[in-house]
Each structure stands twice: as structure tokens, then as C-alpha cells.
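In this document, chain identifiers A, B, C and D correspond to the written order of the chains, with residue numbering beginning at 1 in each.
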Amino acid sequence: MYTLKDVAAHSGPKDCWIIIKGTVYDVTEFLPQHPGGAEIILSYAGDDATGAYESFHPPSFLETPQPGFKPLGPLLPSELPISWKPEIKRQSKPPLNTIINTFDFEAIAERTVTPKTWAFYSSAATDLLSMKLNKKAFDQVLFRPRVMRNNESADTRTKILGFDTGVPFFIAPTAMQGMVNLDGEKAMAKGAREENVIQIISTNSSHPIADIVSSGKGPQKQTHFLQLYVNTDRQKTAQLLASAKACGLRAVFVTVDAHLAGKREADERLKVDVPVKSAVSGAISHNDEKGGGIGRLMGLYVDRTLNWEDIPWIKSVAGDLPIVLKGIQTAADAKLAVKYGVQGIVLSNHGGRSLDTSPPALYTLLEIHKIYPEVFNSLEVYIDGGIRRGTDIFKALCLGATAVGIGRPYLYALNYGAEGVAHLTQILKDELETTMRMCGVRDLSGVHPGLINTRKIDAFVEDGVEHSYVKWRPKSKI
Amino acid sequence: MYTLKDVAAHSGPKDCWIIIKGTVYDVTEFLPQHPGGAEIILSYAGDDATGAYESFHPPSFLETPQPGFKPLGPLLPSELPISWKPEIKRQSKPPLNTIINTFDFEAIAERTVTPKTWAFYSSAATDLLSMKLNKKAFDQVLFRPRVMRNNESADTRTKILGFDTGVPFFIAPTAMQGMVNLDGEKAMAKGAREENVIQIISTNSSHPIADIVSSGKGPQKQTHFLQLYVNTDRQKTAQLLASAKACGLRAVFVTVDAHLAGKREADERLKVDVPVKSAVSGAISHNDEKGGGIGRLMGLYVDRTLNWEDIPWIKSVAGDLPIVLKGIQTAADAKLAVKYGVQGIVLSNHGGRSLDTSPPALYTLLEIHKIYPEVFNSLEVYIDGGIRRGTDIFKALCLGATAVGIGRPYLYALNYGAEGVAHLTQILKDELETTMRMCGVRDLSGVHPGLINTRKIDAFVEDGVEHSYVKWRPKSKI
Amino acid sequence: MYTLKDVAAHSGPKDCWIIIKGTVYDVTEFLPQHPGGAEIILSYAGDDATGAYESFHPPSFLETPQPGFKPLGPLLPSELPISWKPEIKRQSKPPLNTIINTFDFEAIAERTVTPKTWAFYSSAATDLLSMKLNKKAFDQVLFRPRVMRNNESADTRTKILGFDTGVPFFIAPTAMQGMVNLDGEKAMAKGAREENVIQIISTNSSHPIADIVSSGKGPQKQTHFLQLYVNTDRQKTAQLLASAKACGLRAVFVTVDAHLAGKREADERLKVDVPVKSAVSGAISHNDEKGGGIGRLMGLYVDRTLNWEDIPWIKSVAGDLPIVLKGIQTAADAKLAVKYGVQGIVLSNHGGRSLDTSPPALYTLLEIHKIYPEVFNSLEVYIDGGIRRGTDIFKALCLGATAVGIGRPYLYALNYGAEGVAHLTQILKDELETTMRMCGVRDLSGVHPGLINTRKIDAFVEDGVEHSYVKWRPKSKI
Amino acid sequence: MYTLKDVAAHSGPKDCWIIIKGTVYDVTEFLPQHPGGAEIILSYAGDDATGAYESFHPPSFLETPQPGFKPLGPLLPSELPISWKPEIKRQSKPPLNTIINTFDFEAIAERTVTPKTWAFYSSAATDLLSMKLNKKAFDQVLFRPRVMRNNESADTRTKILGFDTGVPFFIAPTAMQGMVNLDGEKAMAKGAREENVIQIISTNSSHPIADIVSSGKGPQKQTHFLQLYVNTDRQKTAQLLASAKACGLRAVFVTVDAHLAGKREADERLKVDVPVKSAVSGAISHNDEKGGGIGRLMGLYVDRTLNWEDIPWIKSVAGDLPIVLKGIQTAADAKLAVKYGVQGIVLSNHGGRSLDTSPPALYTLLEIHKIYPEVFNSLEVYIDGGIRRGTDIFKALCLGATAVGIGRPYLYALNYGAEGVAHLTQILKDELETTMRMCGVRDLSGVHPGLINTRKIDAFVEDGVEHSYVKWRPKSKI
């Protein structure tokens, strides 16, 4: 039996005890190997770390012995604070083979990850209108299936920026994947191997890029891209790109729709129990007077002055890596992207997380067709947001997208580790194959707009014809 | 009192005991007369067959003595497994004369058929969007009733492919009707006699075609058509057609929208308790790694290479039987059907069961009017999916359909046997007569598009005018 | 204490006992004065009449002594059948002065009238789509209020067919008003006096026309019209019209949209406990194999052969009474009405009770504007269905209606007798005055289409431009 | 212990006792300092005032000693009437810093203000259709965000009628703010100081104008405008304007859409427990036969004859104060406003409180663009109704509004006093800044219609093209 005082005597990097759920552990040897970094553990050295522990680890983590995690014995019951009382266990996860679609993964994640993790990933800007519209837009597009087309099989292989992939979708970059699974981006890389799914690694990754890449087939054998937030300290961005190239990353996706974070109210309302730190950007979250929104707190280093004239500099530090702009929302900006010579654009409203009532990517895709269709001849176009079914993927491809990004679903699949990631890939691939065969298409060269009916949403898309009121401009003010 | 060991000693075709709900039966004499075939029972010979029994028989089946089904006595209570415990009884059915519409039949089926049967029949592809849209499309069409038209009576008789019928609707082909009622397609045939409702017999029928036909008025006196899935073994298809002709079937409906089955998640989630076998195609369902979807499991023999160039061969083996293609979903394919010289087409999205967000048949019907109206002069057009009211039938006829197919409602009516089938026919006929008289129409030659207002859905239908983006084609890939 | 045998001995018109809720009554003297006729009581003579009594009388009826209704004493408890057990009392009604809109009256009626009465009045055809759309159509029309118009007061007076009325709405004809209040149409007449609200008396009235008229201010002093169902026995119709004229009725509204009744399922599902008989048409309801739908059962005498060529005959028997056709649903039939020289038309889908998905009257009103606006110069146009607010009334007037019919709301107000009827009139009048003043209109000559915005529903209205598919006509069949 | 008789002996202005929740108080000294005036307390002198007290004071008011409010002791328990029984306490308010949006303020107000206060502020005309549509209209407008625009900061400053303000929104005039917080408009003025939010003071204010102005930074230092209901006694209006000018108010907003109050049913259903009196207009509310609607009862003095020809007179008494008309709902009236030479208009449907199904201000704003865009060059245009987010404000500005009015949200924020008001301002300002930066706008001179997509609502807005039926005019009646 230990007392609080006993524990408090061991609070340095050379002798570090912590308390988790009423048990005292010596974690001195664990410090250097903690994926989240030693600092975070040290901030609880000699003290209770139950809350922080539970925010980022599955309940089962300590049920088996962990290397470097040495249990010493129980704390005196009389000293147990209220937060150490055995709590109602988060529900357990059903077997992976009972999961048959993305919504299953989502529903299970809601029940089994920590409340803060759920808030961070599931939340979106203010009233969630864009997030819901993202999905609805796909649901309102109908197919025009062609029958009797000798559809014995369907081939889902394609190329993205010239790199082979087994499927026309990629793992969209999402921050701090260690919050849902300790192995985070490493498990994602491992799960992506099977079908050569391309993984885009976030600047705010939980793990170092090199570790992530080596968890897969390794550089040259598996394709990874880098998602980039440009740092106010440009030198850090240059270093990051140099490091990424050294690790074998093949392209840079520059995020342009989140130089400041949206107001994600579910996330703001939950305080951050423990600072979250990225192993790549070094950003750390702290609560502030606005609340505990991780997305906002981790984005404080992002350069808000970024503009089109910065593209040449980005190219200069990216070297021969292709540049893709992620977050284009108008045909006008797609046109600028062509003008500035980037290799691709991701039409995206950041999963509805940045600005509520910003347009679904599918609307923007249609807007480009109406106003500036030449863009499809100049660069590759991807879209993301609300894609939950193989049918959604097929619809995007019919409208000229080269591939689509899958964000939250891969996060929720990561809840099952690399196996979950691979399982999700198979689900989406299978749904896509079924859709292709039902529509009379054998490989992805066969998709075209005539296979879908977009009339239900066409009327909601800008076509570049000026409204009467576009002629008017308010007088300048101030 | 018997032990499990006692029973296990009787496990051959000449001496076959099984256990059902704790009672041991000698079913040796029943084997040759089992409508589902002897093999299925033999797979449980000497063993407990409760689960399989309950999946396909009404609870009341064994309450009265069954010929060839000889009760021997109870199993030792100590050997009773958990699944033999008396279960909560499925609810009982209200009297047939209290049922006044198709929705009553559906609600009762949900409460009284086995969970697997309900899952198989009620399920549809992925998110059920097409299934719901099928019904909504009809609800959004308004009437333009003409008054004071001397409507003393209404005559619902018509011809389908030249064959007389009392009503402009037919029994759409659905698989394994024995799952809802032991007599399955035979009871359906019997119930169809009264109004000369034409029955389309599925390739995946529970009963042999000859038995089905002889349960009605018999060949020449009652009209039956064959629904055909072309077999990868073309010889089997030729034999089936020869057999069907010999039995007096009058036309062949070739299904073209289900060479592979849709992803019907409610069905996949429920395991098949017992293999289901078709008496016509011989297909048997088994669980596999994707789940227990009966539709998918029974369709494994279907030839996925079927294409337009196969039509001449189908004609050659069908001889003088008219050919109808079931599952057309675009005006373009309707045009091809005319070109290839078939006698009819069924506009259908397979009850929303094949590909989610495929178009409601009513949309396709309007699309044909807009793009290729000549088709109505070249072949007969039928539609199915979502038709639940006499008003729905009338709307389809106003838009040029010769007749409509009724699928799930007849299955749910079959829950009451032949009487249920006849009762449903009377309900729909009565609703149709009321609609005709309310709209000022005395017989079916009087229907025309001016009697309905389709404006609410017109804007959602493709009209063949090219969108700007149809001009664009993605570069080929791979 | 009486026995059933005691009671059974008194079962003739000269000596009539009945049992109600366990009490034996001698009702011999009551027979000739029963508003529903002596026959109905006699059908229960010497027997229990509780069910019939409760279907048509308020629970409070027998709480005070009724003339001619002589209580003899209780039935032996041992002989009390289950239906005589004291039942849960229908809820009591809140004070009339707490009711501030039509929905209050409706909600109270649902709780306080008998289930059969509620089913008969509240039900509509099959899936209730038209009934709901009737209201929704009004809700989707917006105002374009003009401000600063010196709106000290609003004058709601107008003329209908040349007859003065205080308000531009009338009491639409509804059958068997005695079901909601024993005084039925008589109380309605009394309540209509105050604002000179014109009452249209149904052919299926509970009370004789003469009694109804004399309950108001009397002929010449108050305006009543007759609603007419033409009888298969034309002589009876001629007699009815002669009688109506003698009673001082001023116009004839011939119903043309209900020669057969719609399928009102809520009504069909409830059996008629006691035959309901009209004092005017003599129609009596009985259950039949389709169910207990009062509307259907009471309409069996209606001439289904009625057509436009019958108009001259109707005129001949109506003499100098103006003729109005009630139930016009297309501009084409409005045009025929002009051609046949009637004085008015009611655009109506019978409150959604006849044919489901028939058009809201507001759609038909707009259709006439688009296709045949000249009709407004030739006859008066009224509309009914879904009008629940003064705003609804004003919208109809802006689109050229002379007045609107109020149906169910007056029935539900009648639940409070004549006072309820007068209270409802004041509520609607007050709402209409507020609307007029808010829109800048001082009297009804000031209404015009520019005061409303109908764009939300315009696209759903036929405009007479032929669709491509109107060119096509199905080949005749049979 | 006191008896009722004891208390009744002290019922004059010089010796005034009242009973509140079973405690007797001597409030003689409190009379002259009561913000609501001495008369109201005197109407309960010598009697129980619990109901009145609770309608206008927070439950916590008497928990701390109040100057001039002298507790004498308890009433005899036997004399306690039912209304004195301790009631379930209204819920307590969460800390202000946990509130992150307008909806939080609203939800808390619903739980914590008195039922009558909630009914008065939250209610709207009849079926609430306009109130809901006000919000929905904003939600249906999408952004077209421009990215990579160097958005380090956003400047929300602007001018309204030439007066500086930190934000492009103002505090819309709402009546009797003392109902939600005893300091009412005074606390509002205090809370508005920080960002120079312009406050519009209602004619029906709880406090005198001079007191309100002096609660802020004072005249010349903070901007206040006057909302004006023209009195039937024009002399009173002239006096009010003279007084307002003397207090330093800078503009007059004449309300033109509420010369009579809408039918706000939630408000009418709750009786006024105590007369409510305005310190500015002197209007007092009383229950009448229509109910207890405060808005209606307090508007009885308003001149219903107001019309365009009165504008010159208003100008003459307003002197050099700019005139703004509040409640314009059509482009036609906007045009008249230009003709009559006012300085601004507020497009408004009075928060949906005046006439149900009147158009959302956003529709009217679009209508002006379509029909009479020149108006933006002649006067300033503001809109209000349904604005709950910074995104809503930005959309209005993009369409040419100079600023927007915020009504109910400021009332609900006032529930927290001046701090709540300031907190709401910061929330809206922060949301607006985020929106500006996300859309690529640095200051308010950068807004323009190209930044939004209004297609979803465009079709519902009148464009001045005449419908066929606009050509028709009903014949005059009466």
C-alpha cells in the first residue's frame, strides 16, 4: 500500500512514478519510448495520471503487462480520490468481421473511444449544416445504370499523381491519430499496404514521419504524401519538407482552407484533459478562454498570411515533389490553381469543420464543370467530405475526380488498428466494384457523367451567369 | 424419453429421426414429399433441426399431425440445449377480413414471419434510398380528375403480351416464396386464379414449375410467365426454358439488373440458419465471409457476362415465347431493347434491392417520354417498385405503362396463403376502380397523361439535353 | 332491479324500454321526438342500447333528466355485460373562451367526441396526402405586405351569389352534423346568425331543412344554400329541390367529386354501432364487407351516371336558384362549367376525402389563372380544403376567389353548440381583419395577386403547355 | 406571525405592506424607487403580491436584503393560500463563460426567466412559419469562400448613418427589457459600450431614456437611436422626440409593420399577472377578452392611420435626426421610402411576430436586388430577423445590407445583465471575423455578392416579372 506522499517522492525523469486507477506504477523506463513523448508523462510525475491516461489509451492497454510499465502496488483506499473510483467501462467493441459498412465503424467509435477523441474527430463547424450537406449531396445524385454489359469483374486500379494505387481513394490527412489508437499513423500505414492505398500524413501527426513510413512496406514500396500547414516560421516548413523527402514522401498537399480553425462547438465544450503534442509539427494543445477545441489549439502556429504569391516559395522548398492545394471551394480559385501551376487540387470544405454553410465539394465540382471545365485538362482534381459509400466514390469519378479522400471513416476504422484500416478498404472497394458492375463499367476508364443524374442538385450550383445583384457593389466603408 | 445418442443412431435416408423443440420425430416417410427437398432434412438427420424448422415453417405447422411426420416422444430434459427452450411466440395474425390495404399485410408480415424471411424480403440495397424514393415518386404525382363523366362502373381488364388479365398488374417474380408460406408459389398460383392475375415464376422458386402451374387452373386456362436468370452453364438455361414451355409458361422475363446481387445489409447481417434450395434453379444458399444475404448467395450461378449479343441465343432457346427484359433503367437501354427486338421491358430498380440511388422506375418512364417516346410504339412497357395503391397503378398507366408488377405486397399477402393473395388482388382492383371513376375513366383505353400532374418530379428527370459537363470526358486511366 | 327478460317484454312502439349503461329507461314517449327518428331507437327496443347511445350523444346527456326519457331503475348486476361496465369517461371540454384558433377546436374534438364521430369527420382518403397538402399549399404562399396605408379598420363584408354576408367564408356542407351535437345543423344555423355567415345544408343532414332554417333568423332574414347529391331516383331530387325552395334556400351546390366515396380507412376500420339516418335524404348507414365507412355507406343512393348533359335538367328542377358545381379540380372542367352556364364553382378535393393525391384547391385556382383566367369574369369561384387561418382566406381572395368554404373547423366548433359556431366565426374574422390591415387593405375590393408570393408552389401547377409526353397516347386496349 | 387582516390594515402609499411567498414586507420606503413605478406595487398594497413579484423579478432578488424592502415576519401558515406554497424553483443559470453561442443564451432564458417573460419574447405570429423561415433562409445560403488571401486579421468596424460602430450589427429595439432583467435597457446600454454597439431604444422601454443613456458612456460618447411608435395623440410623439433629442439620441427608427400587433398565441394564452408599464410611452398592459398578449395590449395607443403622407410631419418633429423606416417588406415600399426621402430602411417582418407567412427579410433584400437595385444608392438598408450567427451577418452584408439588427439574442443575453450583453457581442464579432477570414475578406469594404450562393432561395423570390394572374383583378365587391 502506497500513500500519495510516497508517490510524490518519485517525480523526476530518472525516477518517475505515476498513479493510474488506484495502482502505482514506476514508468521511468517507459519515458523514452512513449509515442506521445516523455514530457507529457513527466507533467504527471509523482501524481495521479488517470484522466490523461484514459483520454488517449484504450481501457485494455494496462490489462496486459506493458514493457517499461512496472506496477508497484495499490494506493491506500482512503486516499483514493473520486476520479479513481472504478468507472462505468466504455463499451467493448464487437468483432471486426461483423462490421459491414462505414457507419458501423462510426457507431462503434462513438461508444468506445474517449469522449474528447470523439468530440475532436466527429465535431464540425457551428450548426453542422455543411457536414450534413456533404453527405446529402451524394445521396441526391442518382445513377443511370446501363445493363447487359458483360460485367464479370471490375478493376478499381488507377494512378494518383502518377503513383499506382489499388483503389481510387486515399487516406485523407487527419491530425493526431494517436488519440484513437496508440499506434496512430503507424497502424494506418500498415493497414494501407494491402491495396496500395495512398496515405497522406498530417503535419500534426502523433508519430514521426520516419516511423510511419517504416511501419508500412517502406519508402519506394508504398506511397505516402505529406499534408502541409505552412508555419509562421518558414524555416521550420523548409526543414519539414526536407525531412519528408528524405523519408520518401512523394507529394505535398498544402491545406488552404484552415489557416484558422472553424468553430467546432462540441470540441470547444470539452476541456483538454492533457496537452496533446504532435510528433511532427510540435504543436501542443492547451485550453484557453474560448474552450478546448483541439483543432483550433493545435493550429496556432499556422501562417495566416499564406497567399497565392507564396506558391513559388513552396515549390522551391518542395523541390521536385508535386504540389496539391487542399481546400479549393470555387471555380475561380481552381482557375488560379491552374495559373499558379500546381499539380492538383482537393475540392473540400474540410469535412464541414471550417466554415459552416461552405459548399459541399460535389457542388464545387459541378461549378467547375459549368464555369471552367478546362481545369480538368490542366491538373488532377480530388474531392473529399461526406464520402461514405462506394456509390459516392463512383459518382465523384463520373464527374471527373481522379480520386477521393476518405477522412473520418479511416479514423473510426483505426479504432481496430491496422486490421480495421484494411477491412474498411475492402468494404469500400467491394461497394465500388458492385457499383461499377451494376452501372456497366469494367474499369475506371469507363466512367463518365452520362452514368449519373445530378438534376436534383444542379439548380443549387452557381453557373457563372451573373445575378442581377452581382452587378451591384456596396460602397466602400470606413 | 430419448437421448441425443438414441437419435443419432437414426441418421440415414431409410431411417431418419430429427428433433424439433424437444420432441423426437421419425420423418423417414416425409423425406420424399418435403417441398424443400429431402436433402435439407437429411442434413439434420439424427440431430436437432429446430432452428432450420423454425426458419421456414409457421409455428402452427406441427400443432396438427402432419402426414409422414411421426412423433416418437420427448428428449430427456437434461439434454435440452438452450435453443430448445420454449421461445416467445411470434405474434398471431389478425383475421384476413380486417386487412384493408397493402400496408396492413406488410405490418403483419413483419410481426409474424421468421426474422430471416423478413430480412430477405424487406431488405434493400445499402441505405434504402432507392426503395424509399420508389414510393415517394408516386406520392408526388398529382391527379387532374375530370368530373361529371357518367362513371357508373370501371372496367380494369386488359391484355399483357396478348394474354387476358382481369387487372393491369401482375405478380412480380420473387425468389423462394416457400419461406413465407410452405406452399409458396403454388398458393400464389391458386390465389391468382380469380381475376386471371398473371403470375411470373422465379427461376429461384421453392417449388417445381409443374407443381405451381397445376395448383392454379392449369396450363391454357391460367397465364404464367417465367422469370429467367441466365445460368453460366447455358445448357441448364436451355433445359429450363424447354421445361417451362412444356409446363405451359407463356413468356420469358429475363432479369438484367441483378447479375450480381445488391448489398442488402439487413439480409447480410442475419445468418442463414439452414441452406435454402430452389426447386427450379437448384441454387442453395450458404453463409460466407460477407454474411448471410440470401439474394447474393442464391445468385452465384448467374452468368455475369450476359450482354446484348446474347439476345439472339435467348430467343433461339425461348422459341416462340415472347422475351421481356426486366431491369431497364435508362431511355438509352430502352432504345437498345427495341433494336434487339424484344417484346417488352420492365422499368425497374429491383425494388431498390440492387444499387442504391438507382432511379425509380417512374423517373425512367418519364425519361423515355422525354428522350425516346417512340419506344411505346415498339414494345410493351411495364414498371415495378414502390407500387402500393391503386392510385399508383393508375398513374403508371396514364404514362403509358401496359401494366405494373407487384412484388413484396404479394409476398406479404402470401403469409395468408391463397386467400391472402386473392384478397390483395381485390384490394388493389377496388382501389384502381375507385381511382378510375374519380378521374372520369370507364375503362383502361381512357387513360392518358393529361389526367396526372408530374411537375413535382419532372425537374429531376434527365431529358437528353446535354449538360455542359457531359461534353467533358475524363482521360483514360491505367 | 330488472332482469334482461323483464326488459325484453317491452319492445314495441307503444311500450318501449331500453337499457343504457345498466339503467332501464321507458322511452315510449321519447320515440316521436327523437331527432334521429323513432326507427333507430326501436331497433334496440327491449334490449341494450348503450353502444348506439354513446355513439351519438354526449356523456352528459343523461346526467340531467330528459323529457320523455323515464328512468325505471338498475339492471341486475349479475346480468351486466362487459360493455355496460362504467368506462373511462371521455375528457371534458375546456371553457369556450380559452379557445383561440381552429386547432384548439380540433384538438378538443378529438378528445371529447365519440371515436366513430371523430373517425368519420377527421378521416381522409387512403394515405392522407391530399389532406395534408391542402394545408401545406397555403403555408407555402407568402405575403407581400404593403405598409403605411392608413389601416384603422378592415371591412370583411362581401356578397356571395348576390347575397350579403359579413365574412368572405361560408359554412361548407358536411353530413350528419347530429353526430357531433344533437342539435346538429340547427345549432349551426343559430350560430351563423351573428355575422350573416351563409350555411350550406347537406343533403345528408341530421335534421329536416325546415327545422334548420327556423333555428336561425328564418327565411329571407338569413341565407342558407342547399348542397345536393343527385339521387338515382331523379324524382326524389326534384322533390328535395321543391322542398328546399319552399324552405327559403337560395342556391344549390351540386357535389360533383363524390359520386362515390373515397377510401377513408380510419372510418372504414371502425364499425358503425348503430345505423345513422339522414332526415333529408333518408340514407342510412350499415356495415358491409368493406367496413364501416359512413361516407361510403350513406352515399349509396347517389347517381353515379351524373354528367354535364344533366345540367339542363338540374336547372329545370332548381328553377330560379343559382347552380354551383362543387368539386371542380381542373381548369378544363372550370371551362366546361362556364360553357354549361352555372353561376359558380367550388374548387375542392372534398377535404382530401375523395381521391388521394388529387390537387389542392389552391393549385387548381392557380391552374385556372394560367390556363383559363377568363373564368373569373363568367362565374364566381370558391375554394375549400385546408383553410384554417384568416391568412389562408386572404390568400384565396387575392387569387380571385369570391369566398372560401370552411368545413371540418365548423364541425369541431359545433362540439360547443351554437356558441362554438359563433366563436369560430369571430376567430376567423378577427384573423382576417388583422391580415387585411397588415397587408394594407381596408376592404375586400382591395385584394389582388400582387399582395402574395406564390413562387414556392407555382412550379407544381400545370400551365397548359404540353409536355412531350402529352403528345403520346396509349393504344387502346381490350 | 401575521394574519391577512393585519396586512390589510397597511394599504396606503404612506404605509404599505405586501406579502410575498408567505413573508410580510413593509415596502413603504421602496415605493418611490421601484423601477416599474409605485402604482404597480400600490395595486397590491395590503395584499398578496407573490404572482406579480414572480413575473418580473428573478427568484434570487429577495435572497439578499433589498434597500427599502423591510421583512416583518411570516404569515400565519393556516392563512397561506395555495399560491404561496413553495414552488419548484426556476433552474439556476450556468456560468457566463460556458456560453459559446446565441442558442445557449436562448436555452438558458427559457429555463430561467418567468413564463410570462418567455412567452412575450419568444412568441411569434400564429403558426410561427415566418419566424422559422427567417432562420432557414440564412441557412440555405451557401458561401463561396476564396482561399489564400493573406487573412491575418479581420476588421469589423463600420458606420451606421455616419456613426462609428465596432461591429456591423446593432441592438434592435425590443419592448420592456425590464421583464428579463430589472435594469433592462440600462444594463443593455452598459453592455453595449465595449464595441460601440449602437442601441435602439424602444418607445416601450422599461426605463426613461435619460437613465438609459446615462448608464452607458453618456451622450456624444456612445450612440443610441430611438425606435418610434407614432401616438394617436401626435403631440405626445412630438414631445417624445424633443426629449429624445435632448437626451442625445441620434436617429429615429419609425416602426411601420406593427401598427397593430400580430396574433402571438403563446403570449395571449398566458394572462398578465400584473400590469406592465412603459417608462417612456406610458403604455400599460391589461388582460382583455382576447387574452394576455403584452405586445398587443401595449400597442393600443399606436396610431393606425399612419401613412406615407405623414413622413413630412415626422421629419418636422424629428428635426435634424435621420429617419429610418423599420418593417419594409416589398421592393415597392423600398422605392416609396426613397421617394419620401428617408435615410434608411429596415427590412423586417418583426421577427415573425406581426403577420405569419410574411417574407423573411433576406427574401425582401433579394427582391430589391431583382426589382429596384437603385435603392442601395439612395439610402442605407438594414435587415433583421433570424440572425443568430456571424455567418448570417456576413451573408446580409454581402447582399448590400449596411448592418443587421439583433433582437431576441440580446434580450436573452440581458438575462446575464451588462456582462451578458458584452459577451454576446464578442461571440458574434468573433464568429463574423472567422467568417470574413475564411472567405478571404480583411475588412467590410471587401464584401460582395460573389462570395455567396443564394440559388436555393432565389426561385422563391419575386422578380417583378408579372405572372399571368397579376393581369387579372377581381371585380370590386360590396
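Throughout what follows, a contact is a pair of C-beta atoms (placed from the backbone, for glycine too) under 8 Å apart; a residue touches a chain by one contact, two chains touch by 3 or more.
As the structure is a computational prediction, the values presented were derived from the model and not from experiment.
Colleague: What are the mutual neighbours of chain A and chain B in this structure?
Modeller: Intersection of chain A and chain B contact lists gives nothing.
Colleague: Count the residue numbers both chain B and chain C use at their shared interface, divide by all numbers used there, and answer same if that is over half, different if under half.
Modeller: Different; most numbers are used by only one of chain B and chain C.
Colleague: Please report how many Å separate the Cα centroid of chain A from that of chain C, as a whole number.
Modeller: Each chain's C-alpha centroid was found; their separation is 62 Å.
Colleague: Averaging over Cα atoms per chain, report the distance between chain C and chain D in Å.
Modeller: 44
Colleague: Which parts of chain C, given as residue numbers and ranges, touch two or more other chains?
Modeller: If we look for residues of chain C contacting two or more partner chains, we find 459.
Colleague: Which residues, counting only chain C, touch chain D once they are in their complex?
Modeller: Within the complex, chain C contacts chain D at residues 97-98, 100-101, 139, 141-153, 155, 157-159, 366, 369-370, 373, 376, 389, 391, 397, 399-400, 402, 430-431, 434-435, 437-439, 443-445, 447-450, 453-456, 458-459.
Colleague: Quick check on the complex: what are the chain B residues that touch chain A?
Modeller: Within the complex, chain B contacts chain A at residues 126-127, 129, 256-257, 259-260, 262-263, 265, 268-269, 289-291, 304-308, 310, 325, 327-330, 332-333, 336, 354-359, 363, 459-462, 467-474, 476-478.
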